[in-house]
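Pasting the structures here.
Two complexes are shown next, each including chain A; its partner changes from chain B in the first to chain C in the second.
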Partner chain A sequence: MEGKISVYKICKIVVISLKLLTVGLLLMPPIVVATSSFNPTAFAPFPPRGLSLRWFETFFGDSGLISGIRNSIFFAVLSTALSLAIGILASFAIARYNFKGKNLLDALILSPIVLPEVAFGNALLVYFYYLKYYNHTIILLLGQTIIALPYVFRVILPSFYGISRSFEEAAMTLGANEIQTFLRITLPLIKPGLIAGIVLGFATAFNNFSVSVFLVVTSTQTLPVHLMGRMRIFLDPTIAAASTFVCLTMVSALIITEKLVGIDKLITGIRWR
Partner chain B sequence: MKRGSNMNKKGITKIQALIVAIVIIVAAVAGGYYYYYTTTIPKPKPTIVIAVWGGAWQKGIVDGLEGFEEAYNCKVEYFIQSDSMETINKEIAEKEHPTIDVIMTGPGNTLRGMAGGVVEPVDPSLVPNLEDIISACKLVIEGKVYFVGNYFNYMGIAIRSDRIDASKVTSWKWLWSEDLYPKKLGMPTPEYFAPVEQTSLTWYGDVYHVDEAFEKLKELAPNIGLAYVDDALASEALAAGEINALMCYNVVATKLIKEGAPVKFIIPPGEKFFNYYNGPMVVKNGPAGKDLQMKMVNWLISPEAQIKNAKEIWSNPTNVKVTIPPDLAPYLLTTEQMAQAALLDAEFQAAHTDEWQERWATEIKPLLG
Partner chain C sequence: MSSISIKFLRRIGRLGFTPYILCAPAIIILVFFFLFPAVMLLSVSFFKYLPPGTAIGKMYEPTFTLENYMRFFKSAYLDGYLWPTIKVMVTSTIIALILSYPVAYSIARSPPRKRKILTAITIAALLVGPVVRVYSWLVILSRDGIINNFISLLGFNKIEFLGTDLGVIIGTTQFLLAFLIFSLSGSIQNINPSYEDAARSLGANEIYTFIKITLPLSLPGISSAVLLGLTLSATMFETPMVLGQGIVEMLANLVFTEISFLNFPFASVASVMLLAITLTISYGVNYLLQAKIKVR
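So, the complex of A and B:
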């Protein structure tokens, strides 16, 4: 009996250690980046030997970086909205109906995941120039939407499969038409999938470099493209300051959402306490 | 019975109202941006786009272009590039409708741009400062100047002065010594910058002994701890102490020295070193028009712009009318050192770079571990 307790304790220690190691590995990169952003010198030893805000000053004074963040958020929001609209409709069609080409449609929507993004970005640029279409805003928006769509679609589709049709049938039996049923019954039930799709789609579009590098022009240069241009020349902590700022903004938005609405309620409709 | 009459008509919840409001606002903002970007509202000033490397390189050009916007009533936009060949490749793809007017690059990449049909020759009638540029810093093909440099880069040895005795570094051949064994040396790859040319110069007096240079690089392999393709990696490795010495060009060391790192940049006295020049390449059919493009080139190669650029990146100007200020002189090449510089053979380099990259990958890289 005592031997069994010892084995249990050992397993518990091992599991806790693995958990701490995993959390540590996940948190260490952002912690190192955040502390580097306060380093007083350009070559950033860790731990930093002093504290300074000079790199935040450089960051806020760099119009290229600020416009990069603005462009990244703009294109990420729009491409997420577009891919969400397409993803919801495509998922609904595939989950609810049988039609010719259903599997082909499924594969087509997911195909950007397996395509090399660099080749795709170059092909997109050449294609639109072949069509003599030179609106770089639309081209970049389309490129990011196509990249984000598979992730949004893959997350929303299981949500549709997870809903029992009996809810929709009951609503229509009680007099709702198809649109009312979709808006007031189906959409709220797939909300967790929608939220996950928004988060994944936004992250994919915001972080995208391989496609964007081909499609940006000066006015649409996104943050990853701008940062790569800086990083290859000199790795000063301005990049760390930009990353820290973006992360803090996202975390602040999450905290505000939690305080005002409750993230659990936003996702599941229930306030967990 | 009316359809839908049995439905619960409580109305939408606060969260649903918030979501609808957000969607409407986003759609309105998006519509506004779309209208702004795609309507044919004429811009008040012509815009000229120049592709520059970031950091100090960008600041040097920005400082050099001070006053240009006012002088020609235009707006300058800066496109931050990482590798100028990537930018040139992008313009080759966009040949029918270029988006960049001037690209800061080197003569080797300009030759590749010429092969892609995107390079506009410099017009001497529109660029009067051209005649004041050192002839070695002009790429002349069949009587036309296709590229003009506005500053020199040059090879040297950057060392950690707290780990290496600078008095030992009297020759390029020191890189092959046991002082840097094992793996304490950083070398550029041919993809990036000139290890083959410098090795050939060091041991055989010119850049054309390529096969022999590769044999010497094989001998050097045990000392090589870093084979780098960009400045950031090289300077970070030296600053962090992963390596004690770096074969690099001057700008890599400049930033570290300015930031107070224990780094010295040494050009072994009396020995030839590889040099390279960078400058503005004009993109054919650029959106700003040839006239404004040539005006920008003329401005960038002027003595005033070159001095401002030199103050930022510590690279020698190429205009003979430049007078080096006394406070800047210690950081630039002296006249004697300029005499040691090996002239770049851009056509030889452009013709063989791909082959050297292949040979590096197959003959040298496997030895680095």
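So, the complex of A and C:
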């Protein structure tokens, strides 16, 4: 009996330490990045040797990083808006109508997840080279829109299935036309899905490196591409300061989502299978 | 004015075109900027490569050749090109699976408050992009990093993590965790808890219940998590790029290297192979698993 209890205890300890290790690994990047960005010396941020805003000063004075942030926000906002518009229309059609090729369309919209991002970046580069089309703003915008689209689609489609049609029917009976019904009734009802879609789409586009790196030129360089370019040279705490900025953006997006609709909404978009 | 357009819309609606009109933007953007580029990628992989200087302004000649594929398989065979990729894929998927299962189980079976905290941590880890994560690993693993500082304080020799398989595996494992946690927690949630309750009420302890009930029932979930881990780690790009330091080169990095040498055909071959590997893993293995279940 005693032997059994000790085996049980050992198992319990192993499981708990695995859990702690995993949670620690999940939390590690933001913690490490934040500590080293507030550390006065360039090397060995552990244990921290004091508190300094030195690296944030160099960060805000760095034209490359600042233009990277500006570009990242510009492209992420535009591509989120685009993929949201496209995604809303397509998922409304899929949720409300029966038509030929519906399953094919569903597969088509999700297919950018299947193609490895590097291969997609390579494909777009080769394609636009072949077309001799060199508007780099449009090219990057298209690339980011397409990779954000599946995630946006996956959170919006279930929210169309989740609302009762009787609300829309009531509005129509009371004399609203189709467009009024859609704008005044349907869209407000799927608001939780929309917010989750915005957060996921924005995060996907903002963080993207694998596709963007094939498509950017100096003037459209986004923050991740700029950071990766500098990371290979030396350990620069200015990068830590910029990364802290990214973490803060993402954590505040998460908090806003939680306050507005609850973070569980995000999981349907993230979960793969 | 608007009533006229509504009437027009209704007329179109009666013809049954409405869903197609709604889907038109999605279809147009995906066909022109996703499917066509993919087809272009496949065709360029069969084109003849022109080294810089042979023809001005041309990188390839559109004549059919298997040269690029031959070169790929030859160097894959001779230099063991795919070895680092396979090693990193398998090792980090296995470690990530072991690490993420307990947290996934907690998310699936905990009271709402604890579940919410764990979910928030996992989503936050996902939203912090791969670039930030890879930088944090650089701070920890580099020669002047946290671990090596600690080691040299203790008086041991510094360990080289960067540019070794070990460093890339560590980074990749961390990258996979959040994805695997959500994949596993979903399948554990689908297991009816009354099976476990039944086992417990019949006198089985936690370990016995887990081994005999929960684990076998979550096997489909585990297999799909493994497939997910393999496909994600095969296509990893940022982690091997920084932590591999150009020494540990994975397939995704080969694509980028060849692009920077302006060898579009060979980069396309590497991309096509990358897609072939992920498709084989996610559909081929899935098919085999299902066939096995049917035989039983």
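Note that in this section the second predicted complex is superposed on the first by the 217 of 273 C-alpha atoms of A that agree within 3 Å, B and C clash if a C-alpha of one lies under 4 Å from a C-alpha of the other, contacts with A are read in each partner's own complex, and residues count from 1 in each chain.
The rule we apply is simple: a residue touches a chain if its C-beta (ideal position, glycine included) is under 8 Å from a C-beta of that chain, and two chains touch if they have at least 3 such contacts.
On a predicted model such as this, the values are computed, not experimentally measured, just so you know.
Q: If we overlay the two complexes on their shared chain A, which of chain B and chain C does A:P116 touch? Say first, second, both or neither.
A: Second partner only.
Q: Quick check on the superposed pair: does A:M231 touch chain B, chain C, both, or neither? Answer first, second, both or neither.
A: Once the two structures are laid over each other on A, A:M231 reaches both partners.
Q: Considering only the touch criterion stated at the top, classify A:C11 as touching first (chain B), second (chain C), both, or neither.
A: The second partner, chain C, only.
Q: Name the contact category of A:V77: first (chain B only), second (chain C only), both, or neither.
A: first
Q: Any idea whether chain B or chain C touches more of chain A?
A: Partner touching more chain A residues in the overlay: C.
Q: Just checking: does A:S252 make contact with chain B only, chain C only, both, or neither of them? Give me first, second, both or neither.
A: neither
Q: Between chain B (first) and chain C (second), which does A:F214 come into contact with in this model arrangement: first, second, both, or neither?
A: A:F214: touches chain B and chain C.
Q: Between chain B and chain C, whom does A:V126 touch in the aligned arrangement: first, second, both, or neither?
A: It touches chain B and chain C both.
Q: So, A:I146: does it touch chain B (first), chain C (second), both, or neither?
A: A:I146 sits against chain C, while chain B stays out of touch.
Q: Using the superposition on chain A as set up above, list the residues of chain A that contact both chain B and chain C.
A: 43, 45, 122, 125-126, 129, 177, 213-214, 228, 231-232, 235, 266
Q: What residues of chain A sit close enough to touch chain B in their complex?
A: It comes out as residues 41-43, 45, 64, 74, 77-78, 81, 122, 125-126, 129, 132, 134-138, 174-177, 180, 184, 213-214, 217-219, 221, 225-226, 228-236, 261, 265-266.
Q: Under the definition above, what is the set of chain A residues touching chain C in their complex?
A: 4, 7-8, 11-12, 15, 18-19, 21-23, 25-30, 32-33, 36, 43-46, 85-87, 89-90, 92-94, 96-97, 99, 102, 105, 108-109, 111-112, 114-120, 122-127, 129-130, 142-143, 145-146, 149, 177-179, 203, 206-210, 213-214, 224, 227-228, 231-232, 235, 239-240, 243, 246-247, 250-251, 253-254, 258, 263-264, 266-267, 270-273
Q: In the complex formed with chain A, which residues of chain C make contact?
A: So the residues of chain C touching chain A come out as 2, 6, 9-10, 13, 16, 18-20, 22-23, 25-27, 29-31, 33-38, 40-41, 44, 59, 98-100, 102-103, 106, 116, 118-140, 142, 144-146, 149-150, 173-174, 177-179, 181-183, 186, 205-207, 224, 227-228, 234-235, 237-238, 241-242, 245, 252, 255-256, 259, 264, 267-268, 271-272, 274-275, 278-279, 282.
Q: Spell out the part of chain B that touches chain A in their complex, as residue ranges.
A: Within the complex, chain B contacts chain A at residues 1, 3-7, 15, 18, 23, 26, 30, 33-34, 37-38, 49, 53-57, 77-83, 86, 90, 93-94, 96-97, 99-100, 230-233, 235-236, 239-240, 255-256, 259-261.
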